[in-house]
Every structure is written in C-alpha cells, then in structure tokens.
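To keep things simple, chains are lettered A, B, C and D as they appear, and every chain counts its residues starting from 1.
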C-alpha cells in the first residue's frame, strides 16, 4: 500500500499539527475517518493533507507513507511505529518516531527536536540535520532511547542521545552541547565535533571522530587506542558519577 | 429539603451490627433518617452490597510532600491522564495523581473520607489548599510533631501540660486533626544528617528520647481529649530487625481511653522485619500480632505493599535517604524548620525481589493474624506501599486463600522460608472487610460520633453501593469478581448526593474539612505566653502572627471542639 | 496607622515582617523592607481603567468590554497561550488552570525563564532541600552559586543566612562561612569569605570536578578547571565536608548558561554526594514573587509544574516545546493572555514580535513593556497591597498575603472568575 | 571587538520593575557595564555609546566602567534593551541564553532609543498617558 500525503497550505502556517495517526499501522487498519489536530481543533486528515492511497498491504510492513510539501510543523509522525516505512521528502516537525519499535523512517530534509525520542527499535535516517534531543529521552525518565538506529547525515542539536540506554546513534556532522549526556548504554558515534561530550555518563560507548570542546574534566585518560584504523584517546568515566562508560576521542580541549 | 431513598440494599454496617440485611436507607438533607416522603429520589440497589462510604485512615494525598512527588515525576504523570469531561476536570498521574485524579479515583471506589497522613504545621496552608481541590472526600490532616522544638523542650522539662498546651495551640492554629509522630526524634536528628536507631537514643541537643516523646504525646493527647489517638510512624522504618523497636514501642502504650485505642501504629508492615541485614530479613508479623492481640489499646494499619511502580514519601527524611542509597534513583528531601522532615523517592516493588516479596507477605499476615479486625485497618500508606487503587486486589487477597496462593507462586521462591503466610488459611469475611475499610477507621479516628463510618440514623449519608451480590458470590472462589466490584461502585453517595456513578463523577463536589479545636484556658494558651512568642519569632522564618491557617482556607468545615484538662 | 507583619509581594523571599504606614487608604511608608519592597509598595502609576489599543493610540473601555474581548479571544483561538502568573496569588492561578483546561490552551509561568531548568533537573534527580529556617538555624557553610542576592533578593542574607541569628550558632556571622561562585565579582562576592571566579559556561565542569574530589578522585582533575585552580576546589570540598550543615543557593547564573538544566542536575548530584558525608541542602533562588506558587498550583491541578499544553484535552508537558519562549519564538500560538508578568521587557525580541502579531490581553495593574503589545489591558488590584491570597516562598512555605489598603479595582481572582464564568456559559456548562 | 554579553538583575532595574516607563528604568537597562581596560581597547571613554550587535540585531547602549567583570564580558541589566539582541533559541529547554551571547561592540555616536521606541520598532504602541 502506498500512501501519499501532501501538505496543503494553511492559513496559520506556524501552528503545529499533531499527527500521531500518520503511522503505517493506522493506514493498514483503517484509512477512513482519520484526523489530526491543529491546537485544540480536530480536523480531518484531508483538511491538512491531500491524501492518495494506492493498493493494499498484506501486513503493516507493506505500508509505505510518503509525505510531501512543507511538513516542518507536522509533529509526532511515526509515533509508536511498529513496521512499514515513512518517507518524508522535506523537513519534519518535532517528535518524529517517538517510541518507534520497528520499521523505517527516512527524512530527506531536516528533523526538528526529539527525533526518535524513547525509540525501542527500527531505523531512522535523517539526510539533513536533526534538532535538539535527537534520540533522547523524556523529562524525568531515567532511560531514553533503548534500541534501534538513528543516523543523521547532517548535524545534530544539543543533548543528542541524552540518557541513551541502548541502540545506535550516528551523527555524520557535528553534534551540539552535551551529546551523550547521562548516557547509560548503547553506542553513540559523532563524526564531527561536539562539546562536553558524555557528561555524567554511566555506561555505553561513544566515539567522537572530531574534537570535543569543553571536555569534561572527570574522565580518566586510559591511553591511545586504534579503532578502525583511526587513533583515539580512550577515556573512562564519568568518574564524577562512578561511571563505567567508555569514550573514544580523536581530539579534545579542556576549558582550563 | 432533598430526599433520597435507597431500596433493596444489602447492607453491611458493622457499627450498627447489621450484616447482610436487605433494607431501605432513607436520606434527608445529607443525613440518614428513619424515613422519607414519597417524593424522594429512589435508587434501587437491587440487592447489591451497600456499605458506609470508605474511609482511608492513612493516606498521603495532599500537601507539600505529595505535591513534590508530583512535581518531580513527569514520568508518573503521563502514566495516567484523562481529559476534562462533564463535571470531571483533567487528571494526570498514577502513583501520585493530581488532586482531582485522587478524588475521582477514591470516589469511584466508594471512598468518601480520608485522613492525610502527614502535614507539617508550617506548610499546613498548602495541605488545606489541596483539600479544596479534592472535592469528593471529607478530609482531615494528621499534624506532625515528631521534631517540634517547643514540644521537645517541654518534654525535657517534664512539663506535660505545656506539651498539651503547645499541641493544642498548634492543632487549632493549623486546623489539624490529630497528632502525628513520624520517626519521633529522628527527623530532628536528620537536621544534622543523623537519625535515631532505637527508642532509647537521645535526640541531639534536645536531650529527649523517642520513647519519652511518644509517652508524653500519648498523655498530652488524652489531656486534650482529642477524638483520635496519637498516630505513630514508629522509629526505624524499613530496617531489618526493626520489629523489636516496634514491640518496645507498643510496650510504652497505656490503656487510657475506653472509646478508642491509645495509639494508632501506622503502616506496621514496614516495622515488622526480623533479621539483621537485607540478606536475612524475615517476617516478624507473628510477634507483632501477638502483641496487638494482647493490647486492645493499639490499632494498626497494614501498610500493604503491592508489586509495581510507586512513589515513596514520608516525613521520615533519614529513611528516604537510606532508600536513596539503596536504589540510586532520584531523591528529594525537605526538612521543615523546628518541626519535621520529609523525603521522596520513586520505587519499583518487584515480585522477583526477595525483600519486596517478604514485604508483600508481611502486610497480609498482619491482617490475617490480628484476631480482631477492628485493630487492623486496610491501607497501603498510599502511595508508599502501593497506590490506593490497589485496595480491591488487597481485599481479594485477604478474602481468598486460593488467590493468595496463586500470587504466592509468582513471588521470589525463597519467600516461603522467611514468612508464615503460606500456612495461614484464614479468609476474611465481608463483614471483616467492611470493618477494616470503614467502621474501624471511623472508630479509630474518633469520627463515629460526627456521623462517619456507619449508616445509623443521624449519620452522614456517605454510602457506597458495589455491583456485587454477596449471597451469590463466593469471594474465596471468585476473587476477580471482588476486585471488579470494589474497583468501581454503582453509586457513591456523599452527603446524600450521588457523586459518582460507575466511575463517572456527577458533581463538582464540595468536601468538608474536619479539624479539632481543643479549648485551652487562657493561662495555658500559647497566645498569652511571651516566651513561646519570643522564641517563635526568633527561631522560625515566619512571624507567629502569619503562622495560623486563616479561615479562608476552610470552605465547608467541621470543627470538633474539645475541652482540654490541663 | 501602622500595619505589622505585612508580607512583601516582590521577590521569592516573601519577607513577612514589613510595617506599612497607611493613612486615608494611601501607603505613606514602608519599614523593614528592602529598596525593592519600598518601590513596590510606594508605586503610584497604576492604570485606573481597562484600555484598548486603537489606530495609533489607546482608549479607555469598561471592564465588561475588556472581559468580553478576552473571553472571545480565548474561545476563538486554536492554540491560546496563558502566560505569566508569578505576580498573582494562588487562587487566581487555580482559575487560570481551569480556564486553560476549558479552552484547550497552554499555560506557562515565568518559571520557564527563571528556574524552569532547575525543575527539569529535579525531575531527573530529585531535590534535597529544606525550609529557610533550617539554614538560618543550622548552616555553617553557605554557598551562593550564580546568584547575587544583595541585588536580586536584598534581605536573603540578613534574614536567612550570613547576617541572620542561628539557634545552633553562637555568633552566626562569625561562625558561618560564605562562598560565592560567579563569573562576576558582584556585591555578594565581595562580602563572601571565599570567592570562586569561574569562566562563563564553566559551571558544569567545575561541579563535576567537585563531585570527583568529594569521591576521593581528585587526582585526575586537571590543575585548572574553567579558570578555577584545583587547589581552590580541594579547599572548598574540605570546607563542605567539615561543615555540620551546608546550604547551596543557586540562581540564574546556573540555569541560563551553557549546560542549562544539566548544570543544576550536576549541582544536585554534588549535594547528594556531600549528603553521604554531612548534612547538605540546595535551594533555587526563586526570583519573581509567587513563581513557586504557580508551580505548586499547576502541579496539584495538572500534574506538571509549568509549560502545560491542554490543547488535546489531556495535560502534555514538554518544556522546550510547550514553554512560552519557544511557542512565541516559533509563532506556535494564535492568541495570548498575560497576567502578572512582563514578557515585553523580559523575553527576547523575536518572542515579543509575535505578541504584536496576535491578539494579546494583558492583566496588570501598571503599564509595562508588554502593554505596548496588547490589544487590551485590564488593570487589577495588586496582590499583597490591595488584594489578598496565597503565595509560596522560594522554599515552598505558603503564606497568606494581606491587603494593606482597600481596593478600588477588582482583583485577579475577580476578573478571572468573571472570565471563567462566561466561558463556561459559552460552552454550555 | 568581540565580547560575551551577560544579563541579569540589578537593584536599580529591580526598583523600576513596576515603573517601566520611567527614565530611570530606561537609563539602567540601556547601560553596558564593561571592564575599563576593555573600554580602553575600544578607544572609548566611560559614558560614550556603543552599538552592541549579536546574531539577531543591534542596540545602542551607554558604557559604564565596571571592574567586577572579567575582561571580554559585558553586563547589561535585564530589560528590553538587552532582549532586543538576545536570540530566542532555547536549546529546546525553554530557557534562552540570557547570560552568554557572543556580541560585537563598536563605538557609535548614535543616541540610545527609549524603551517605547524599541517596542514601536517591533509593532508595539507606546502608552504615555501618565
């Protein structure tokens, strides 16, 4: 089944649209009567999108949703996704792929904050940049993303992979402040630079191929180590937190 | 004048010695009366179990500490959210729901009255503000005196009259209901990061022991003629081997009041541990119940633990710090100057964990080993042992050996070597459950005379009608029916109005705050005691004049006036 | 006539020992108050009637029109923001929550631009705190981190710390050690026993270093951390561990800088660590009068302390998304009611610009910077001067603030109560 | 020259919080506290005006010497002037960077705006009845 959703122009284009219904399972089960919310107003899906559905699907994995147009303020697309595929041709709003457990989301443009929040499984690929709290957790919750893969080909914002507790996060560009802060498990890879990496980490592994600025002073330098042909400095920490994490860094700079 | 007639109710009303009679209940203007006119609104109970509204004799639902539990737990909030609907406001939360959430859920379970377990006098206004937003239950507040400086000074001076005068002044100032002692002496020691480890330890600087505090407060309580007894959270909560402290504490208690107990020991499950460490912890429920069975002057509540997620919160600051060191989860603490402390941490009681399994068993054992159900009240120390929404499951565990055994199969396998539960065959009766959930709480709290906990003429028309026919259901065999029925009434009636019908609350509601005002002669009153006032303004960071809870915080209220004998 | 034990309606200290001289329903003098209290009580420039913006000017309108405008505005909006609340009393905040729930809007208080990050941190690790009297009577080490009480909370040090008498201290001033950590050498820093000058944005690193030293892992710390020599850090840790009762107060220097709420989390975890050695507590220096009350009220009524989105009926909370700055900067609301705060003065320009673009109502006794952005402003009595109600001190202690003069204008409670009644009527409730 | 802008409360700003249309408020909140040596480097004297420019705008302020500051940092009491150039980005925490904004300082002979001018510039309407 191919579902094509093209965002229509809106009178108040900045007001976010909450569209947690846009997930393959919804279309697999029932394509009529779907609604989204603009603030406190419930609207038919068709009011916000022009909708085209072709074919049938034998399972949720047979559903592919394509989103066209300016979807930068469409929130919660792919929330609780448990199979199938979503392809966002442009940018996508906050909370794309919250709690996702299976399937694939591909974003050609940028993703707003909380991409893949508390993700359990599946794959998200963002070809542009991701906002803050990419692959992170929720307020007050000890554990954030627990499984699956988030790959960002551009940059990622601050607090990337915050409270990461499983799965794989790869940022090909730079990550903002405090990437991997409070991470507990899982693997975080940043090909570019970041700052204050992995502060307070208690477990898991992180690789920074660029430079870590404002390096946290409470990581113990274990020595040089070659990983995949590149020479890294290996750190253990965060000692401030009895941490048992491992941090591999190509270059780093303390705020002395 | 509004009138209501409930027909064909199968009534259990232990205080009036009614057990399973099919009868009509007449209500006029919120009170139970002999009969009503033909114009009365009629509810046909169709033979369903009908009891006085439930009374929670120890629960944490309103005030600074509870609200901090909410404040620090957005993850708990999202675990239970409902939107505004009809008369019901939006609610959030599971173990520490919003005030509306608490009120609606209690009401759906037929509870119409609750005692907030711990109110710091300095922050009493906060508790009363939240009472106003807990609209479907009448509320009262245990008032904390465990680390009260002027009280400890008066005890040290051996001046029990002064103790009583200070307590009386404070209760009336903060619109409190009863004396609560939480780890007496320990909360003051916690002001220095320390604790007391027995009832004979000396509180730093104040030179009094917990035992002296407890004894003096029991005496003062009777001098003030308070409806409720001293309400005690014993020292050493949650520590292996603490049953000895509990038994020693029980031995301090004289039998001084013929209407009710002289001591209410709360959440005794947490105080009934044998062993010397977490590795050899075991149940000492038998010793505890043996003492209870011999001492009619003591009433306790279970403090039942149920498996799952919850939030622990207590004025017992040092105990919460110990829990924090155990769990490494988030920890909040809030010491209250000159008065008490408090702490909060979220916990998960895991049935695969031996200690948690033992705790679960002990609570049930206390209820099953106490001969007289009037001496053991059903409560979880909400939300410490479990959120109150677990009460129906607890009732089923107590009524069905089979159900108990079934759950026992799922807990840590070593549990049976450490607890006597498996050997207990007792299955509680409908009447015993009615006693443990409404009649005994009313009697223990001393609110039978103001019309709580029974359905006699003149009583408040607080009534719960459960969708259950006790003549058709065998609770031993159909625990799921018991859980379903106690989980949601057909009708919860409060002050003669249907406030909740099959889980939907029907009115905005307006509760009553019940408080006490002991009349103390002028020559004993703290209002005319220059030394008290001088020290107050010197040591507190609030002026004495700004301290009392103003009338504005009491909307509907019922003041129990007592004559103090000083 | 002198009114005694009056509670100050300015900052989060809620000093309750003010003496106000009143004659003919006018305030003539303020005793015991700080300069901020004086300015507040003696202020005379109040609006006397609701005003409405016209083409190029303002006109007076009556309360009925102003309230009707607000009600219609909120009912029509898809995503209204109800912001402010710190300058008003709890009873009005309660009505605000009910209004927000009914119209399906977002309610946020000035928390989001003061100690919002502290709350986010507390939600991760909790908060070991106490009432201010504990500090006053016991604390022998007091640390002010990223705050400047002498200017922002002028009587904090004299009522609760440095200069206050303490029951357990013979000579409180001499026996207390005061440490100030800041990027600036403020007035407060100058009266401290020890000043730790930190590089901008270096708080997190310094806190981590302190935690490691407390844990006996100081050997690995570089010789200088964010401008602070390791020897000074070690000295401070010794001081803390030797304390009988230590109290940390922190301000916006920690919440507004790089690291944001993770700074606070780190500070709290430092206090947790110190609690294993001695008694330690930490308290945010709440600035705007009843801001803590707004958190308390919102929490018991909605489950969350600030930034609550009711658009979908249930309460949703996600600061950074549902907080006022973000909503305004991203233009994600289409109407705004502001009460008891002045975002026009205190929000970044981009946020204020959006207020000019959407219908905005301000409920405030005096003209403020936000007035310029309003379509309608409704003047009200001032809580603590001519209106009474509940306010919470920075440590969570609730007070009932009194009237010292009789009001000539309705209170926030009355205005909001009227609005709410009309909204219910419009919704057929 | 590049600086870090720090904003916050000052007692004078606090005194005027309820009197924002007063000249005193405008004076205080349009003050740029700066280390005297930094001022020297700018080749300026105390009291002269600077144009402070951030990524999102610029504003004219009056300089005042202040040795409390480290070199390279300026302090502006919180208010509409500082906020005119503070970016609204909150790192998705709800809190903008009120205390660490990279700015560029340059001497200017331009006058300072009033607080109402600033508001009008962004679509507001002055209220000057009092």
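One rule holds in what follows: contacts are C-beta pairs under 8 Å (C-beta built on N, C-alpha and C of every residue); 3 or more make two chains touch, one makes a residue touch a chain.
Values in this document were obtained by computation on a predicted structure and should not be read as measured data.
Among the remaining chains, those touching chain A and also chain B are C. Interface comparison, B-C versus A-D: the higher number of contacting C-beta pairs is recorded for B-C.
Put simply, the chain closest to the centre of the protein, by Cα centroids, is C.
Our note on geometry: chain B versus chain D, Cα centroid distance of 56 Å, whole angstroms. Note: centroid distance chain A to chain D, computed from Cα atoms, is 37 Å. Centroids built from CA atoms put chain D at 22 Å from chain C.
Contacts with at least two other chains are made by residues 120, 123-124, 199, 201, 258, 310, 312, 317, 319-321 of chain C. Across the assembly, chain B contributes residues 72-74, 78 that each touch 2 or more other chains. The set of chain A residues touching two or more other chains comprises 113-114, 132-133, 138-140, 142, 159, 177.
Which chains touch which is summed up as A-B, A-C, A-D, B-C, C-D. Considering their complex, residues 4, 6, 8-11, 14-21, 29, 56-57, 67-70, 73, 75, 78-80, 83-100, 115-116, 119-120, 122-127, 129-130 of chain D touch chain C.
Taken together, the chain C residues at the contact with chain D in this complex read 10, 35-36, 38-40, 43, 45, 51, 53, 56-58, 112-113, 116-117, 120, 148, 150-152, 154, 183-186, 189, 197, 199-201, 252-253, 255-258, 260-261, 287, 307, 319-321, 323-326, 328-329, 342, 344-353, 356-357, 366-369, 371-373. Every residue of chain C that touches chain A in the complex is listed here, in rising order: 77-79, 103-105, 120, 123-124, 199, 201-202, 204-205, 207-209, 211-212, 215, 217, 220-227, 258-259, 262, 265-266, 269, 310-312, 317-321, 330-334. Only residues 91-92 of chain D touch chain A when the two sit together in their complex. By the touch criterion given at the top, residues 113-114, 131-133, 157-159, 176-177 of chain A touch chain D in their complex.
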